[in-house]
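Letters A, B, C and D name the chains as they come in the text, with residue numbers starting at 1 for each one.
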C-alpha cells in the first residue's frame, strides 16, 4: 500500500494526540481512527472523523416520536424498527469522513452517488504519483458470455500474460510521457531548462484510468448505507466492492446496532414483487407452481427460484 | 425559556460526562456544548454535536490542491481565499448538529433550506406542549407601507393591546380545545372515560402557527453559511433572524477563521452588477453620474446609493 | 373545491392555447393538463408541466448501457428490469410540475421530502384565503389504542359533533381575528383608518394548521415514486394519502409502463429480511415454523404472517 | 464532430416529428432542439428536452408572493429583481436536458456539480469509440509560472510537436490495446477465437483520460446558472469553458430575460468584501487610498485594482 514514511509518521502523530470531548465517542472506532486499511494494490480507506453513534440515532427517533417512545423501546429494537420501516432521517444524524485512495475508474463509479461531500486531489494543481492499479492474477476475469456487465472465468496462460503486460506497460509509458510533457522528473525537478512544460491541466489527460487518485469523502449514515447496499453487493464490480467491504467493517465498529440491522434488512434481504408474493403464497398453500403457471417471465422466474432457494 | 427541570438535569449530566477522542476538538465550542441559548420567549438553540474545525477546512483544501499549497499558505489566508473565490467543498468537511425549539411559522420558513438533515418532534405521535410565541411589545410591528414583506412602526396603545389579547387568547383557547379533542389534560390523563379522543394526527390541526415545535437540525458549514447569509440578514424576518444570530455566535466559537471570512466576504459584502460596476468606475474617474445618466432603474439606483454610502 | 371563476377561466384559456413542439408529448397527460383534481374539501392537485415520457426512460437507460441493449430489450421489459433492480437514474430523466392546494399540516409532512423544487404562496407577502380543512364525518377518527400513529374507530354522536364544532369555530374565529389584526376585510379593504394593521408576517401566526396554502411542486419521476411509495401507502395519514393517490393517477396517464412497474415492484411489493427469507424457505421445505422456532420477535412474526397471508 | 450518418438521420427524424402540446413552448429553442453544437474536436452539446420558459419563472414568483405582485411588476423587472436578490426557487421551475459528448477528464470536473441528473454511457457494459481529445495547436499551453492552476504561453516548435505526438500516439496505442484485450476489432468482431477477451469493466482502465464519453445531463435553471457562473468564467479550464459557452447560447434562446439578468448580475458582476466596500467609499469621497493605507493584503489589493479598472 501506498503510504510514504512521512505519511505514516503523520498518522502516528495524529493517533497519539488525544483530546477531551463532551461529544459521544465510540472507543471501537477511535481504535481504528486515521489508520489506513489496505485495498487493492495501492489503495486504502481510512476513517478520519465521525459524528454520532447508535445512541444518536435513537435520540433523533425519540425527538421525532416524542414522549411516546421514551420508555417503550429499548435501543436495538427501535433501530431495527426504523431500518425495517424505511425511516431514514434518524440515520442521517450520524456522519463519517473517509480518506480514500482509489483508481480513477473506480472513482468515476463512486462519484455517481451524489449525496456526499467530496474533496479530490486535483491533477490540475498538482502532479499525480506514479501509481496505477494492476489486477491480481486471480482477478483478471474474462467478459461474461451471459451477462453484459459481469465477469466470466479468469484469464489464463498466454492471454493473461499478454493482458498484464499491456496494462503494466501502457500505464508506465503514459506516466513517463506525462512527466516528460510536464518537463519534470519524479522528484519535481525540471528536466530541460530549454522547455516550458505543458500545463498540468492538459498533461493529465495522458494518464490511464487505472491511475490512482485520492479524496476526502464525507457522508451521513443513511446515504452511506445506500452506497454500501449497492456497492457491497455481489453484482458490484469487484474493484469497488472491496472498498465497500472495508468501509462496512468500520461501520460495524462505529454503530454496531445499526450495522446489524443493515445486514438483516438490507444486505441480506430480498424484495418480492406483487406477482412474486402471490406465487409464494400459492406455494405455501401447497400449489406446485411452474414458470408457465406463474405468469412470470423466464428471467423473473429464475430470480424467484434463487430467492426461494430452489435455483440449480 | 422552556427547559424543564428534568431537561436541565439531563443537560448537566451530558456536560459532565467527558470522554477521550482522537478527533479534532474545539475547546471554545465544547464550553458551549448542549447548553440552551434562549431565543424568543420560549425557544432555544443548542449545539449537540460537531465534526471538524478550521484545520479540517485547510486539510481538505490541501488534498484538493495537493503538494502545491502545502508550504505556501498559512491557514487564515487560505480560508479567506477559499471564501472569496467561492470554493465551497472544503467548508462542507465540517458538520454541526443543533437542537432547536421554535414556533411553527418560523420552522416553515427554515425548512425551505433543503440541504440539511432534520428530525422534528411529531405531533402525529405525541402531544405538543402548551407553548406559543407572543411577540414582545417592541416587536409588534405594523405592515410596512412601502415594502410588502417589511415591517413598519411598532403598534401602540389600544391597537397593540387588542392584537396582543387576540394572539394570546386564540392560541390558548385553541390549545385548550386541542386537549379537549384529545380527551387529555395537561398531564396526559384521560378527561372523560366515555369519550374516545380524536386522533392526534387530526387534533393537531387546531393549533395555531405560533405553537412551538422542536427539531434536530444538522448541516455542513457551507450550507450553514448559506442559511446564515439569508437569515442573519437585515431583510430576514426578525423571528428567524434571532435564531440565525444565536447560531452565528456558536459558529464563531467553533471555526473562528471561517466565521471571520464569512463576515467579510458574505455578510458584510455587496455585489455590484455589471451596470453598477461600470457606474462606480465612472464615478471614481470623476464623473458625476445621476440616475438619469446611469441607465439604472430608480430602484437599482437607490440600491447603488445605499451601497456607496450616499443614501439619504 | 376552491377555484374562483377567474381561475377557472385562466385554466380554460391555458387549455385552449396549443402550440407545436418537437419534444415528446403524452396525449393522455395533455388531456389532463392544468385541470384541477379535487382533493379533500378545498384542495386540489393539477399538473401544470411535464418533461419526458416512458421512451425517455428507455433512452437514458440505453445511453448508459450503450450499444449492447439497443436490440435486445423491448421497452416494457427494460423499464421493469430497471425498477426491479433499483436503477434510479433513468427515471430521473422525467420531470413533472404540480400546482397543489393543501392544508398547512399536510404541507408540513410533505415538505420533509427535500428532493423537489417548491414555490409556496407566502403569507408574509400576501393574505391567505378564508379556507380551512374540516374532516368529513367518516374521517373523524379516534386515536388508535394500539398504534401511536394510527387511527381507531370513527367518532360518533356527541363527541363527533363537539369536535366538528370546535374545529370549525376555532378556525373561523382565528381567521376573523387574522383579518382584524391586518385591519382588512375579506376584499382587502381597510377596516379602520385609525389603525395601522399588524404586519402580515406576524398576523399569519394566528392561523390554524388546517388553513389552506398552495404551492408549485416540481420533481423528477424517481423522487416522485419515492414520495408515492411512502405517501400512497396504507400507513400514511389519510389527508396526505389522498393527494398521493390523485398524483398517482396522473402518473399513470403520463408514463403507463413505469407506473405499472412501480405498482408491481414497489407499492405491491414486500421486503423479506434475511431472517424472514430463511423462515419462508423452511416453510416451503415443509417445516411447520412457529413464532418460537422462528427466532423472530412477536412484532416481526406478526408482520411476516401478514406478508405470507396467514394473518388473522 | 462525431456524429455518425445514422445518428444524423435519427436527429433529422426526431426534428421532423412535431406534436401538439398545451405546455409552454419556446420557438427559438425548438429551432435548436436535438441539433448537435460542435465543441472541441469530437464533442458536442445538444438540447434534447426542456420544461418551462421565462413566464414560468414569473408565475412561480407570483405564487410565492401572491396577489401582491400580480399587477405591480412586469416580467423583465421581476426576473431581474429575483436574480439580484438571490431568490433561487423560481428559477428552479425550469428544467433542461442536454446530451453531451466530452473527454473523460472534463467529465470528471463537470460531475462535481452534484445537483443534476446524469446518465452516462457505461464502459462497463459497452465498448467506447475510438475518439480522444487532442488540443488545437493554439490551445497547447505551458504551465503558468505565477498561477498553479493557470496556463502560460502556448508551446511552440519542437516542444509542441513532441507533446502532440505523445498525446496522439499514447491515446491511439492504448485504444488499440484496449480492443486487443477485449479481443474485438473496431466493428465488434472477435479477433481470435482462441481467446476469451478481458471483461469490459477491466479493459476500460487502459484508456486515457482524453477518451470521449457521453451522457444525458438534466438540471434546473438555477443550478445550471450556478454551473455556468463557475464554468463560463475566465478562470475555468478552457476545455470545460467551451461547453459552458455553448450551453449559455442555448439558454439565451430558451429564457432570454433570465439569461440577460444572469449576465448582468452574475457573470459580469463583482463582489466587494466589507473591506473593499469601505475602501471604495473612501475613494469616492476623494481619499487617495494606497495598498498600505487600505489594510488589504497585496493579493486582495490587486484584485480590487482589477475590479475598479485601475489594474496595470
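Here is the rule we use: a residue touches a chain if its C-beta (ideal position, glycine included) is under 8 Å from a C-beta of that chain, and two chains touch if they have at least 3 such contacts.
For clarity, every value in this text was computed on a predicted model and none was experimentally measured.
K.L.:
Both subunit B and subunit C are touched by which chains?
P.N.:
Chains in contact with subunit B as well as subunit C: A, D.
K.L.:
More C-beta contacts across A-D or across A-C?
P.N.:
Taking the two pairs in turn, the one with more contacts turns out to be A-D.
K.L.:
What is the distance, in whole Å, between the centres of subunit C and subunit D, each centre taken as the mean of its C-alpha atoms?
P.N.:
Computed value for the inter-centroid distance: 35 Å.
K.L.:
Rounded to the nearest whole Å, what is the centre-to-centre distance of subunit A and subunit C, using the mean of the C-alpha atoms as each centre?
P.N.:
Here subunit A and subunit C have centroids separated by 34 Å.
K.L.:
Just how far, in Å, is the C-alpha centre of subunit D from the one of subunit A?
P.N.:
Each chain's C-alpha centroid was found; their separation is 29 Å.
K.L.:
Which positions in subunit D touch two or more other chains at once?
P.N.:
65, 68-69, 89, 112, 118, 120, 122, 125-126, 148, in rising order.
K.L.:
Hey, which residues of subunit D end up touching subunit C in the complex?
P.N.:
My answer: residues 14-15, 17-25, 30, 33-34, 49-52, 56, 59-61, 63-69, 89-90, 92-93, 95, 97, 99, 117-122, 125-127, 188, 214-216, 218, 220.
K.L.:
For a test of understanding, state which residues of subunit C touch subunit A in their complex under the given definition.
P.N.:
65, 68-69, 77, 81, 84, 86, 89, 112, 148, 230, 263-265, 267-277, 280-281, 283-284, 297, 299-300, 303, 307-310
K.L.:
State the interface residues of subunit A toward subunit D in the complex, per the touch definition above.
P.N.:
103-105, 107-108, 111-112, 114-115, 118, 120, 122, 124-126, 133, 135, 140-144, 148-153, 155, 159, 162-163, 166-167, 170-171, 173-174, 177, 180-182, 195-202, 204-210, 237
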